[in-house]
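These are the structures in question, set out in turn.
Here come two complexes built around subunit A, the first alongside subunit B, the second alongside subunit C.
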Partner chain A sequence: MSRRVLIGIFESEDAILDVTAEARRRGFTIVDVFAPYAVHGLDKAMGLERSRLPWVCFLLGLTGAGFKVWFEYWTTASDWPINVGGKPWNSLPAFVPITFEVMVLFAGLSTVLAFFGMSRLWPGRKAALLDPRVTNDRFALVLEESDAAFDVGAVERFLREHEAVRVEEREQEVAR
Partner chain B sequence: MAEICSPLRLPLIAGRKKPAAVTEDVCRALTRPPSGLWWAAFAAAFALLLLGTAAVSYQIATGVGTWGLNTTVGWAFDITNFVFWVGIGHAGTLISAILFLFRQRWRTSVNRSAEAMTLFAVMCAGIFPVIHTGRPWLAYWLFPYPNFRGSLWINFRSPLAWDCFAISTYFLISATFWYVGLIPDLATVRDRLASTEGGSLRHRLFSIFSLGWNGSYRVWRHYEVLYLLLAGLATPLVISVHTIVSWDFATAVIPGWHATIFPPYFVAGAIFSGIAMVLTLMLVARKAMGLEDYITTRHVDVMCKLLLLTSGIVALAYGTEFFTAFYSGNPYEEFVFLNRAKGPFAWAYWTMVSCNVLVPQLLWFRRVRRSMGVVFVLSLLINVGMWFERFVIIVTSLHRDFLPSSWASYRPTIVEVSTLAGSFGLFFTCFLIFCRILPVIAMGEVKAVLSHGQGNGGEA
Partner chain C sequence: MRQGIEFEARMSPAVLRFARLLAAGGGIILLAGLAAAPDRAWAALLMAGYLLTGFGLAGVVFVATQYACGAGWSAAFRRVPEAMAAILPWGAGALAAVFLAHPSLYVWNREAPHAGFQHFWLRWPFFLARFAVYFAVWTGFAAAIVRHSRRQDRDASVEHTHRNARLSIIFLVVFAVTFWLASFDWVMSLEPRWASTIFGIYNFAGMFSGGLALLILLVLWLRRSGPLRDFANEEHLHDLGKLLFAFSTFWMYIWFSQYMLIWYADIPEETAYYVARLHNAWAPLFLLNMILNWAAPFAALLPRGAKRSARALGRVAAVVLAGRVLDVYLMIAPPLQGARPLAGIWEAGVLAGAAGVLVLAFHRGMQQAATVPVNDPYLEESLHYHNA
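Take a look at the complex of A and B:
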């Protein structure tokens, strides 16, 4: 979907935090904020909901652990039981270490893959950069010109008041 | 938003830098031609790697008989090296994951290179059990896979099978954690290269591996949570890995190995040796690459305190082992420990005690902690001491067993020594290449702590 957006470029994390919080308070539609590093509190200023990645991590970890306990039981006690030093077929305590390792492996790798999926990151994807310096030292706030009441001049003034070093208007593809 | 300012909070990064300066300082090393010092170090490391490759090829072609092992001392140099290298790796995870959870923000300057060190150390460690199997081309038998021998499955009750899973998982998770941490920095380098050499092979590689990262906060939000989750997973993982390594010994009935103290003792020892190795590398890297503003005397000071702490835990473990041996009233236990301190390998035992317990006591003095030359020498001595710790645990427990008629000694052959040298060659070759092709400092994380202790927020 193509929309008209207004982009403000900022130079410091304090400025981007202030302007983002204020833009949200004034009811502007914040399309996104771009930052060279994670700024503490910016997600709250944008009003983003919490990431659901911990659920992926928890459920896949549980799946990995469950699968591994079953697999160890099946191989050692059912499919081809071998008497090792008279130990019981189902040596549950001895299965704990590998179960733990497989749980961590499943949880870790699946969370990373889920992150790539949710964030639409893949090898060879072309980066849509708002400003060439946004991965270096610049911050960018992207506001959507949502309706006719959106006064470009007033909003530009608002951004400038909050130390925007550059403001520009663009027509662009916006992915949510 | 005003940053809290207190004279007690010293800046983490010296030189009152702006974010662009961080990018510049870190990326400069990637584009300028390597120095003579780098080439000299690379030539030396690569020569050792070739020596090790020759030694490993020879012993694979001939057999494990090329080692100095005998029926009494069935584990010696090889397993010592394995435990040594796994231990080295653990400091990387301590710095990247555990200190992250403890919100030790100074870690940002060293975590990238410490994690790289973890990966290379685990690679070195992995070689040893594989060649120790004697038929390394069948090493995949260590993993359970459907096969035409039954299927005959591996024995999941065996600590050696646990080890195999622990080390593989540790390597994969560490590599993933490292790569995830690299993504924003790869994008930074990509966009910097775009202006100078857009379209070059290097630029294209950075574009591919940075996965189209554009700094969107909708992605950063997930990224922050992902990083926290990986740190939360890596923390128990690193403890489990060296615990399982210690179980390779502790589940055996050999006096000197069969001790419940082993897991914490090994984990503390691993972190102790790993931090010593981080210091060795960092002290060289900061000088050679001009990173004094990022890895300051304060970073060295903090790591020295961690050394002192872990040295204390290791010393306590040595004392506890001795006390338990005597208090148990078990003559075999008593014998093993007296034999360590007074037997034919007493020199190794006392090298271990001097390097791991006595020498680190110097770190109580602030002047020692702030003197880079002294710390460098201490870190080398601790590495020697920790190598000997594993040698002492393995060889002195085995060489005089229950039956005096089967007592034997052990001395490494030239093949074993060359293999150890080769593992150092592999480690340093990888590390030197890493310093040339990837940002050695986590720029994205350092930029976030620039204002720390500077008193005027992000404008520092």
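Take a look at the complex of A and C:
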């Protein structure tokens, strides 16, 4: 499957924030916005939904902590009880540091992996750059030519009014 | 200067009347207590003085961290932590009263300390000299930083921001050492046979977490009653909420670091501290301390919405503030009160009086300058930033 997209390239953070918010107000379908760094407020301008990553972090953190408490109980109190300094076998305070570390490890790694998965990034994946300069000093807004009513000429004028330095039309493969 | 915005810090007169009532009532109860139950009243005054000192210092430390790392987000409400510094002299006064009038609160004043170093360190004139040095350093830095910030309102010179950045960096280093020693002197030496090297960091963690809770409540108060309505928005609350979440967790981390090593080693002279706090009615308070200072704020502040809602954040801050009072009570009261916790009219009255003094001192601090640092180079950024 493929779709036609219209790409506007911009030179400043302010311009990309303005044009994105305005494009959304006019009801255009925003495919994505590319920026060389995280632009604060862009998620609001694009109307993005809240990320679900915190849930991955929270649930996997809980899983990691729960698993580790069980594992420590099993190793030190159940499978092979060892007397350490006369303490009870199931000595919870001694488990806390490792439980904490494993919780952080699970939560951190799983969040990064989930982020890569959601963003379709994996080793060997080739970067598909609209324009090499979006990794340096340019910002790109990608609009989908959603239906017959999409007037390319008018939209191009709209982008140029908002300080687009270049506008181009492309056929894009959609991986879905 | 911006036009059409009120800069006067006018606060609700009802709250101020109530604060005056608390301060006066607390003062009367303190005097009555000194006559009727001197040991309990002096102990309560020590707690009140230590709490007030901590709140004043937390304001200065907050401002200093912002200058030291060139933070822009907090400029809009920076006058609030600056005004908190006005609480510091009241803490000094309360502590000075205790130290000068009732030195026998410290057991090492009644009987000679046993160890060699303590013999050198825990001597009353040296103790008082250190007390004077700590406060001279703290109030000196606080006054200098606040003065530069206020002068900027008049002459709009960026030089004040640069000067304050340098002052703040030096202050943070000096503060770390002096506050660490001060907590050893004033609190840990109540039990001179017990020692914990992490005690100073533990006290810093509680002081800053409680100070942030107070800062949040004061910002919310000024936001609701007018002066900060146009300046402190939910982005500021969100970041303040993150800080409270972080420092409350830091407090728990340090609390546990102290507890676990003592529990693990199980040496009688070290465990005595916890044994005293895990007996009788101290035990539920000991557990409540962890709930108020960490478990409750941690669970409540996890969702993003809670940090951005004035209502939810205010409630959590109130809980942490209560936790801070309990934490100080659990550090100071057990060695002075013995087997059972005593909390009655003397403790409650003196602490309520301290709360009244705190509000009045803060209000006076707020009135000495415009409600926002109008010429701060970061003010625009602070009014328009977004949380990612």
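Just so it is clear, the second predicted complex is superposed on the first by the 173 of 176 C-alpha atoms of A that agree within 3 Å, B and C clash if a C-alpha of one lies under 4 Å from a C-alpha of the other, contacts with A are read in each partner's own complex, and residues count from 1 in each chain.
Here, contacts are C-beta pairs under 8 Å (C-beta built on N, C-alpha and C of every residue); 3 or more make two chains touch, one makes a residue touch a chain.
All of these numbers come straight from a predicted model, not from anything done at the bench.
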Quiz item: Fit or clash for subunit B plus subunit C once both are placed on subunit A?
Solution: clash
Self-check item: subunit B versus subunit C as contact partner of A:Ala38, first or second or both or neither
Solution: both
Self-check item: Partner chain(s) touched by A:Glu156 [first = subunit B, second = subunit C, both, neither]
Solution: neither
Self-check item: Residue contacts on subunit A - larger count, subunit B or subunit C
Solution: B
Exercise. Classify the contacts of A:Leu121 with the two partner chains as first (subunit B alone), second (subunit C alone), both, or neither.
Key: first
Exercise. Please work out whether A:Glu144 is in contact with subunit B alone, subunit C alone, both, or neither, and reply first, second, both or neither.
Key: neither
Practice problem: Quick one: classify A:Asp18 as touching subunit B (first), subunit C (second), both or neither. | Solution: first
Quiz item: Superposition on A: which subunit C stretch among 59-67, 113-121 or 131-139 collides with subunit B?
Solution: 113-121
Practice problem: Return the residues of subunit A at which the contacts from subunit B and from subunit C coincide. | Solution: 38, 40-41, 43, 50, 54, 94, 97
Quiz prompt | Sites on subunit B touched by subunit A in the complex | solution = 1, 18-20, 23, 144, 150-159, 161-162, 165-166, 169, 172-173, 176-177, 180, 183-184, 187-188, 190-192, 194-195, 207-226, 229-230, 233-234, 236-237, 240, 244, 247, 443-445, 447-448, 451, 457-459
Self-check item: subunit C partner contacts - residues on subunit A that touch it in the complex
Solution: 38, 40-41, 43-44, 50, 54, 58, 85-86, 93-94, 96-97
Quiz item: Where on subunit A is subunit B touching in the complex?
Solution: 12-15, 17-18, 32-43, 46, 48, 50-51, 53-54, 57, 61, 71-72, 75-76, 79-80, 82, 84, 87, 91, 94-95, 97-98, 100-102, 104-105, 107-109, 111-112, 115-116, 118-130, 132-137, 140
Quiz item: Which of the residues in subunit C end up touching subunit A in this complex?
Solution: 256, 259-260, 263-264, 266, 302, 304, 385-388
